[in-house]
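Multiple structures follow.
Same chain, two partners: chain A is paired with chain B first, then with chain C.
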Partner chain A sequence: MPPATIPIRIDHEACTECRMCYVVCREIDVNAVYVAPEPRHRFEIDPARCLYPGCTACLMYCPAPGSIVEAASGRALVPPPPDVWTPDRRVPRGIA
Partner chain B sequence: MKGHMDKQADGTMLAADLRTLAEADACRTPMDALLEAAGRGEWDDDRGFRLLGRLWTLKRAMYYVYGAWAMGLNVNEFPPAVAYLFGKQIYDDSTHEMQYVDEILRRGWAPTQRAAFAHPYCAFVPATRLAYFVFALRALTNYRQNIRIAAFNLGAKVIELAWLERLGRDWPDPPLRALFAGQVAETRSHVLMGRLIVERCVGSAVDEGLARVDHGVVRQNYLFALDEIAAATLGLAEVKGEVSVPKD
Partner chain C sequence: MPRPNHPLVQQFMDAWVTPTGFSGPGVEFRMRMTARCLPIWNGATARAVKGGEADRRLAGDDWKMERALAGYALEGPQMSIKQMSTQLLSVPMDQQARYIDLQRMRARQIWDEVKHGQLNADVLLRGGRIKREDELMASVEANAQDNLAYFGLTSMFAHLHPLARAAQNYFVEAIACLGITATLAAIDDPLIRHQMKSQQAEELMHFMEGKYQLDAYCLTAEEQRPVEEAFDFLLKPWATTMNPAFGARREGGA
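Moving on, here comes the complex of A and B:
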């Protein structure tokens, strides 16, 4: 049974729109980060595709602290907190 | 003196201040006169070539600026994100430069890139406002990266973003409108990374003071360069070709 996922989102007040999360997410073929046409072609995270906390690849590559947060709690995930950034969660199993 | 050096700066407030100042400049820029002319149908291929030729010249001159700045981006002086974001900015502006010349070639205004380089509309001429803007940016090479980015990304880039958004929304010719609109996302990202770097990396009163001075100079020079581009496009000013210097 796959582990439960936790919705995360991009905090647009902190994001620089550098698209590194998008590039990484596509590179590992998860494709959860997408460009939302409205309102301003910004990056968003599709909770139906995102594997967090089973995958934390985008958190490692994001250069802007606080840009990705847990949707419910607002907890900042960039840079990844130690309990999140564990070896078994850095990329989805079977992809690395 | 040491006391002054030790004074702290509020990077968040500084970033907001700098962006507000540039947004005031950006309310109306010389590029809006071009948009209005195109809207009235006072536009032809020659004006299009003049405009894209000058914009291409400005963008490709950024290699010269960024190359110098990168030499002064010292390892371990700033968090790794500062270097990474700068690399992305160089890549983005390189893409924009190529988009301008691609459109010039696609429309047949120049048969080859070599021919475009040689054309007066695309020539980099030292005795121009455009060149002055570029040279003044390059003169920031011996400043720290946080100050350069404060001046450029929260100054000229904010103004560039504003006119790109307006031309990308309202330009009557669809391919050119798409070209401008396509550059909005990256330019907005440059402004946002400018905010990030100022908020997190401008910590002293000295850095803040230098950032404010340079920000004013960069904005002024950029507006002068835009004024020259717009005037040249509309035929209100001569497009200078190659400048020769006598041997004596």
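Moving on, here comes the complex of A and C:
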């Protein structure tokens, strides 16, 4: 049984559309961040693909405070609170 | 025992430097480079705070115009278009597929930097120093900057590996972020605060570009070597000066 996920969303009041989250998500082949045609070609997060809190990679490279939040609680995840960037959630890259 | 960081640097470290999305040699390399950057980040931040506090005590608008002119030289058309376009050229055609996201980031940064130049022009326009931006085209002060760490054309051509730019994004953009934070902490002038706040998130994005490139792409000795060489250059005492645009006094240097 896959681990439970918690839906997160982009707060467009804070997002600067820099697309770092999109780049990171695509680099690790999760592809949960996408460009929504409506209403204004903004980035959105597909809850069916997003693995949060199992994966928190996008949060580590987002430069806009408060722009990614937990959908239900509204808890801001940028800059990432210490409890979301524990070592077990890091994506292995290369040979250490 | 290492010296404690300046409080603003420590905040920056906790929020943006230490959290990482990856594990492995790229992150280890970045943290090793971070330790080398910290003395300069700390010194630049302390000087930016001091410069901001000194500017706050000044009467008149000359200090604002000095900041804006220096900012225009750093980020105006000359530097933004020429410097950033050169960085696009650092990825050879046969490596475009591998580094296509990196190229998109750099294309975006051209736009950001041009906008920052315009923000500095706005300070000069709204401050009454100029009536039209094109007056700046005849000003050497508004178009020449001597900070080698900003990778003008000559510096960039010496570091043409596709990933060399990561060092500049990481090291120099952190100084920009810290300089803006220091300025916002010290200065209450609405013209300067508007300009700084308008570019704050974008400077942080450019820092994140560097962080991401180091964490995700600098995985082997072959990939790390040219980036470390760029850090070696940037960390030379004569290469990096905290520009007046970000709060340093002209006579203060780095």
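Operating definition for what follows: the second predicted complex is superposed on the first by the 90 of 96 C-alpha atoms of A that agree within 3 Å, B and C clash if a C-alpha of one lies under 4 Å from a C-alpha of the other, contacts with A are read in each partner's own complex, and residues count from 1 in each chain.
Heads up, the rule we're going with is that a residue touches a chain if its C-beta (ideal position, glycine included) is under 8 Å from a C-beta of that chain, and two chains touch if they have at least 3 such contacts.
Note that the structure is a prediction, hence the values are computed from the model and not measured.
Participant: By the touch definition at the top of the document, which applies to A:His41: first (chain B), second (chain C), both, or neither?
Facilitator: The answer is first: A:His41 touches chain B but not chain C.
Participant: Using the superposition on chain A described above, determine whether A:Pro87 touches chain B (first), chain C (second), both, or neither.
Facilitator: A:Pro87 sits against chain C, while chain B stays out of touch.
Participant: Contact-wise, after the overlay, does A:Glu27 reach chain B, chain C, both or neither (first, second, both, neither)?
Facilitator: So A:Glu27 only meets chain C here.
Participant: More residues of chain A in touch with chain C or with chain B?
Facilitator: C
Participant: Touching A:Leu51 in the superposition: chain B (first), chain C (second), both, neither?
Facilitator: neither
Participant: With both complexes superposed on chain A, which partner does A:Cys18 reach: first (chain B), second (chain C), both or neither?
Facilitator: both
Participant: In the overlay, answer first, second, both or neither for which of chain B and chain C A:Pro63 touches.
Facilitator: A:Pro63 contacts both chain B and chain C.
Participant: Please write out, lowest number first, the residues of chain A touched by both chain B and chain C across the two complexes.
Facilitator: 16, 18-20, 63-64
Participant: Which part of chain A faces chain B closely enough to touch in the complex?
Facilitator: Of all residues in chain A, those touching chain B are 14-20, 40-41, 63-65.
Participant: Name, in rising order, each residue of chain A that touches chain C in their complex.
Facilitator: Interface residues on chain A, with respect to chain C: 16, 18-20, 23-24, 26-27, 56-64, 79-80, 85, 87, 90-96.
Participant: Touching chain A in the complex: which residues of chain C?
Facilitator: 14-16, 19-28, 101, 104-105, 108, 201-202, 204-205, 207-209, 211-212, 215-216, 219-220
Participant: Report the residues of chain B in contact with chain A in the complex, numbered from low to high.
Facilitator: Those residues of chain B that touch chain A are 79-81, 84-85, 88, 184-185, 188-189, 192-193, 195-196, 200.
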